[in-house]
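Got some structures for you, see below.
Next, two complexes with chain A in common: one pairs it with chain B, the other with chain C.
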Partner chain A sequence: MELMRDLAVQGVQMALVLALAPLLTGIVRKCRAHFQRRQGASVVQPYRDLARLLRKDVVLAENASWLFRAAPYLVFASTWVAAALVPTFAVGLMFSWSADLIAIIALLGSARFFLALAGLDVGTSFGGIGSSREVMIASLAEPAMIMTVFTLALIAGSTQLSTIAETMTFAHVGLRVSLGLALVALILVAVAENGRIPIDNPSTHLELTMVHEAMVLEYSGRHLAMIELAAQLKLLLYFSLTGCVFAPFGLVGPESPPWVYGTAIAAYASKLAIGAPLLALFETTTAKMRVFRVPGFLGAALMLGFLGTLLLFVSRSL
Partner chain B sequence: MAISFSGIVALLILSLAAPAIAKWRIASPTIYGAALVISAVLFVNAALRVGSPAADCVLPLGLPWLGAHFHFDSLAAFFLAVTNLGGAVASLYAIGYGRHESAPGRVLPFFPAFLAGMNLVVLTADAFSFLLAWEFMSLSSWGLVVSHHRNSDNVRAGYIYLVMASFGTLCLLLAFGLLAGSDGSYAFDAMHSAHDHTLAALILVLVLLGAGSKAGLVPLHVWLPLAHPAAPSHVSALMSGIMTKIAVYAFIRVVFDLLGPPDWWWGVLLLGIAAATTVLGVLQALMEHDLKRLLAYHTVENIGIIFIGLGLALAFRANGMVFAAALAFTAALLHVLNHSVFKSLLFFGSGAVLSATGERDMERLGGLIHRMPQTAFLFLVGAAAISALPPLNGFVSEWLTFQAVLLSPALPQWGLRLIAPTAGAALALAAALAAACFVKAFGVTFLGRPRTERANTAQETDRFSRSAMIALAAICLLLGILPGLAIDWISPATVEMVHGQMPVQRFLPWQTIIPIAQSRSSYNGLLVFLFIAASACLAAAAIHRFASHRLRRAPAWDCGTPSTTPLTQYTASSFAQPIRRVFGSVVFRARECVHMPAPGNTSAARLEVEMHDIPWEAIYAPLAYGVSFLSERLNALQFLSIRQYLSFVFLALVFLLLVIAIWS
Partner chain C sequence: MTILERCGAQAPTQESRPWPRAVVDADGWRFAASQLAEGLWELLALWAEAYVVHSAVRDPASGEIAVLSLPCAHGGYTALAQWHPPAMRLERTIRDLFGLEPIGLPDARPWLDHGRWGVKHPLGTAQSTAPEPPGYQFLPAEGEGLHQIGVGPVHAGIIEPGFFLFTANGETIVRLEERLGYVHKGIEGLMVDSDLDRAIQLAGRTSGDSTVAYAYAFAAAAEAALEIDVPPRAILLRALMAELERIANHLGDFGAICNDASFAVMHAQCGILRERVLRAANACFGHRLMRDRIVVGGVTADLNKDGRAVLRGLLGEITRRLPRLAELYDKTASLQDRTVGAGVLNPALASQYACGGYIGRASGRNFDARKVIRYAPYDQLVFEVPVLAQGDVNARVWIRIREIEQSVAIIRQILDRLPEGELRAAVSQTDTSREGAAAVEGFRGDIFVWMRISAVGAIERCHLRDPSWFQWPLLEAAIGGNIVADFPLCNKSFNCSYSGHDL
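And then the complex of A and B:
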């Protein structure tokens, strides 16, 4: 019975992230349109786009290899597994002990590795420019993220995301300098990893500075749908991560009565509903950076994360 | 132990027999086949010996009345298993690869000798036989480095290697001299107590120089990216994957075993050097476009990761934190095993590319995934493993190292508390840069369109080479999804060196690994692998069932302006250009200069990049200049008259008599 319930909660979580990811993107786009005084597409437009892409043929470049065809599924699978391991509404998920926060970041790293390879596969200059810039951004964003994880892990005494979330909820962690630094670093990394303004612009093509879109330029049909869905899942993952660590309200533990899950899901939805306009506002009020300004932006994230960790080495109470 | 000795003797006989039969047509398969069998036996013997009680033996060899001491404990058994696993797959690979060898007579005699030398180093237990075996290993590998001696680069690499190896041995000789104390007790057993503990710091520095120069610690790494790629590829794999680990073994044996209780600042020294090694190694690899040299620079990086683990283990041990020390030490040993596996795999892959196309320069390759699909897949597994991507093995050891770093706030000393997170940050940076580097290495070599005709007409490699690579790729996956078994296997060696061990992992459900406690951290490679496989299959099945599964081939889109020439693709240099701009201006003092022709002039624009190898220019170039300057000055002494020589002799005599007079 216990096992059945744990399995059900884990299953609900996996389905939930998959179902909510396009909606979140739709809401962010709608809010952005609103801030820019545009009408904007409906919030369900990303679902329609995915359905349309799935129906279409795949047009494959003549010299594309098996890697190019396998990569969308690998990227999607790693991102989905990573997103399913981050607590959204419940902690102590059945499989949460199979990977801690470091492993979740490494899973996203795997997804990026294969996507960057796919960008090089056809042998076009656009694919190369995208891959090359993507790995440059990742080479700074990933260590910054690990440093943020170090900060959280040292406060909670664990790299296990469920334990970190529980510590943040129940233990009196209080306001700390290191947590503030970690939050800023996490947000900077999240902006860069999801290719949002000011790092990259997800809604443009043919811009000299584009990164993600250049990398996936040769993809079409169902392959493109997989990659888009993976990108949406990644955005949701960073929302859930920020929510469960820095706003751990309404998370339910493993031993809760069933009716609590309803309120927990509502709490999660409200976190997304608050976060999405904030992201849209941030994107509307900042300008896109030149690509070689990005290292400065991410270097700041890396240094903030490192500083947060060092503070905890100096004193456990900072 | 008897099996080990007979194996080593058999390898030596093989080596002596090789020149006689090298002219035969089947010489190369015979010798490599025999080396494969012997190494496999030695591997099984060593792997089963981990955890058995230590065995000692004294043979009447070497110095009269002293004999040669041998000691076979779990640490030695672990390193012997790593060595002979590498030796066995390298021999298997070479059965096929050796056929392309233009001068087998220059490779065949040295190859078994090299294997025997590495085995001997690990088994010996007195200073004399250790140094003898160490020099034997260095010299036999030197013979392999200069086997293609008509290439002047290889000769230069061999020369630098020889100089660095002599320097390393000199340092080890002095270290053993200090360890032996005033009684001259050369056996390791007697060294535990013989040395003056106030000299321990000096011994540590000497061992760091001696073993570190062989392992490739910055700034002693300069020979490594020259010498490792110069040898034939199966030997490159042995030198990079295995011989550097023998140096790690020497370091562990002296510092953890013979040197007695450590001081806390040793950890600071080690972590600082290791962090610099890790980051500099991977950055230099990123700037490289010679495939084998890129892999050699990655060896420098991975040695840095191993030494981060060892440095943490020393720091924890100095403070009596036994469990943390065991965790850090296990992480280091696991990375020794992992790195030997994936580095051999990658060198084998690069060897297959080299024999298929005759090219090591990535900028002249491309598109090989179509011509060599199996090699490409196996190289991809190795690339993912070295980039620390789950669920492969590289991730597990780096994850354990991160867990060890997270235990370091409990250390009492400030120096350690500042250097430990720095080393952790260096490790995180290096892991991300390694992934970038292998996207470059795999992408430019195997993906895209062929850049030259030779890349376009490459053929898949032979089946022996492929089976060696398949074996290693399978080990990469197995160690990644069942790391608990490897951790348990290593634990007797940790008990010997740091007197503690990690909790037993074997009986945990689903083969999870839990270094300290489940609420702290846990990782389950098996489940992560199954999850990814299941969700990828589920997604693919659902899409092909419910959505479109049609597919059309068309010319590449490339925003409507596809180019016809493969020269417009990104190359290794252009791929690394953003990273060069970010890190290179500091680390390599890189300068870019664009020469644009004047308006109206139709000649091509030029981009010039200037980069500096700082360790080389700051240390080695002045040193070499000084030596040659001095020898030119001293050269004049060779052309004196007999009177002048006699007066020198007289002056020397007077000087020595004065010294004695003042001394007494």
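And then the complex of A and C:
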């Protein structure tokens, strides 16, 4: 019975993230348009775009290798699994016990690895620029993310996200300086990882300034659909992660009765609905930074994560 | 001594107005080249006819302008670019279009001619050739760890075509080389033998965003040649249209520069204001860009009472909202971080190239044709020319903001003093061929026009020199040492014309 329930929760979660990811992107875009006094496309436009891309033929460069063709599916699969591991409306996820936060970072890291290789594969200068910039950003974002994870793990006594979320929800952790530092660090990392302003601009047409978009410039058709969906899933993942760790209201615990699932999903949706305009607002009020300012930005995230961990050690030894 | 006397010129031709033109010999041409090379004179334009090259030079000390003509009987002439690099692309163009060989020119490559016209030297001997894609040799940049990035000629945004080859070391640009000429329309060829009405339409289509300024410059040159007195009301209406065009373009640029730093909200706000300007232009003159509203002898559209009210409302709105946008620009640290210190143009280069417009004025070159040449009606209007010395993207943005404010003040003065009267003077026929020239300040800088009109009133030869001729090369210089990702921002702050340059 327990197993059946966990399996069902996991299944619903996988379907939910896949279904909601394009909507979240659509809402963020709509909010950005609104802040710029534009009407903007409908919030369901990302679904239409995906459907259009799936219908279209793939145009492949003549010298594209198998890697170029396989990368979109690898990227999509690992991002989807990673997104399915983060508790959205319920803890007690089936897969959660086999994969912790470190595994999520590793999954996202391997997705990025394949995408960066694919960017180099066809040998265009833009792909190379994009891959080089992406790897530079990632090499700084990943340590910062790991430090943030350590802070959380020290508080919860585990790197399992389900355990962390449960601790945050039910164990009355209270307000802690370390958690505040970790939250800021996580948001900085999330902005960089998702290629949002001020690190990257997902809506730019200027090839020379692109990071993520430059890497995937050669992709088309269903390949591009996979990559776009993966990017949307990744954004959702970071929203879910921030939500389940720092705003764990409405999460369904392991012993809860089944009827609370409805409210749990509603609570999750409202977290997304609050987060999306905040992201859009942040993106509207800042310009993109110079490429070489990014280390400073992510260095701040690394230092915050580091400080959070350090504070925990200091407070424990007292 | 005048420029012509110092060059040992023969007696000036009588038909050339308002600036004298005279034939010089090879020594006089060389003397002019040395004056240009030492920075004592400025090169305003360099163009050709079959077997003659002309150059318009200006002495900044006295403000005198003269046109020197060098006959090239053997199909060659001494290249000015040996001593004065700004002439380089102009001389390559003269070779492409006329087949006149610039002797001693360090660069043997074609410029506008990409080998796809099916004709060689279209304005000279015009031999037809089979179209052949030539192997264009880009300048070398050698060293360890350098890689090349080719961008264009078709770009991702809706802009004009041009090819940019970057040689970069990682992110740092070592060399940028431009290749232009993709939108060569042969306007100067089309103008030959056409009447003035047709020719001014062509002039107005040289660069779409400067259609008023081009028509204004063409009309001024034609009127100088034919000695037409334009009615006072038409003179002021022309300036009014030119300032509206300047405001609209500067607003568009201001927003677009910020948008290239991914600060889209400014783009949206400036877009709204620019749209208001275009709608006001449509309400007043019946065309959003005021195309074909200026004709030789005057203007075709009048400003009525409703139009005045529309314009006063527009000026009020700009005066209200522009300071807030300027403040937002100035107070947004992330935006300032991008624009301050990016793409610095050395003032020495700006003055060597006689670079006009906001690019020159942001690099300390105090030149505005409205102030320096003082053509009517700007000789009676009160305005200032903003000049900054920093030469970076930020300075170019501020010059634009200040110029919008000045243009608003100019339009207010025009509205206050606009007299009643005729809109258009009759274009009189002459029995001799006449020459005229003019320089008019478009939003990018000074547009220079020279023409010869035949006795029957048809264009024999007309040359239109876009300000971008002396701005494009400076972009190559300003971008060196910047990072690749900053190029779109720097490029937008220059906003040179492809169409006006490719002609």
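Here are some notes:
Simple rule for what comes next: the second predicted complex is superposed on the first by the 312 of 318 C-alpha atoms of A that agree within 3 Å, B and C clash if a C-alpha of one lies under 4 Å from a C-alpha of the other, contacts with A are read in each partner's own complex, and residues count from 1 in each chain.
We take it that contacts are C-beta pairs under 8 Å (C-beta built on N, C-alpha and C of every residue); 3 or more make two chains touch, one makes a residue touch a chain.
Since the model is a prediction, treat every value here as computed from it, not as a measurement.
Of the two partner chains placed around the shared chain by superposition, chain C is the only one that A:T204 touches, whereas chain B remains out of contact. A count of residues in chain A touched by chain B and by chain C gives the higher number to B. In the superposed model, A:S125 makes contact with both chain B and chain C.
Using the contact criterion defined above for the overlaid structures, shared-chain residue A:S178 touches neither chain B nor chain C, since it reaches no partner. Within the superposed three-chain model, A:V291 lies in touch with chain B and with chain C [touch as defined at top].
Contacts of A:Q36 after superposition on the shared chain: chain C is touched, whereas chain B is not.
In the superposition on chain A, A:L107 makes contact with chain B only, not with chain C.
With the contact threshold set out at the top, residues 125-126, 128-129, 132, 205-206, 291-292 of chain A are in contact with chain B in one structure and with chain C in the other. Chain contact summary for the complex, chain C toward chain A: residues 147-151, 155-157, 170-171, 258, 260-265, 267-269, 272, 332, 334-335, 337-338, 483-488. Chain A contributes residues 54-63, 65-67, 73-74, 76-78, 80-81, 84, 95, 97-100, 102-103, 106-107, 109-110, 112-113, 116-117, 119-129, 131-133, 135-136, 138-143, 146-147, 150, 153-154, 157-160, 163, 205-206, 217-218, 221-222, 225-226, 291-292, 295, 302, 306, 309-310, 312-314, 316 to its touches with chain B in the complex.
Taken together, the chain A residues at the contact with chain C in this complex read 32, 35-38, 125-126, 128-129, 132, 197-198, 201, 203-209, 284-293.
Within the complex, the chain B residues that touch chain A are 366-367, 369-370, 373, 380, 384, 387-390, 395, 399, 402-403, 405-406, 408-409, 417-418, 420-421, 424-425, 428-429, 431-433, 435-436, 438-440, 442-444, 447-449, 510, 512, 518-524, 527-528, 531-533, 535-536, 539-540, 543, 546-559, 562-563, 566, 568-570, 574-579, 581-582.
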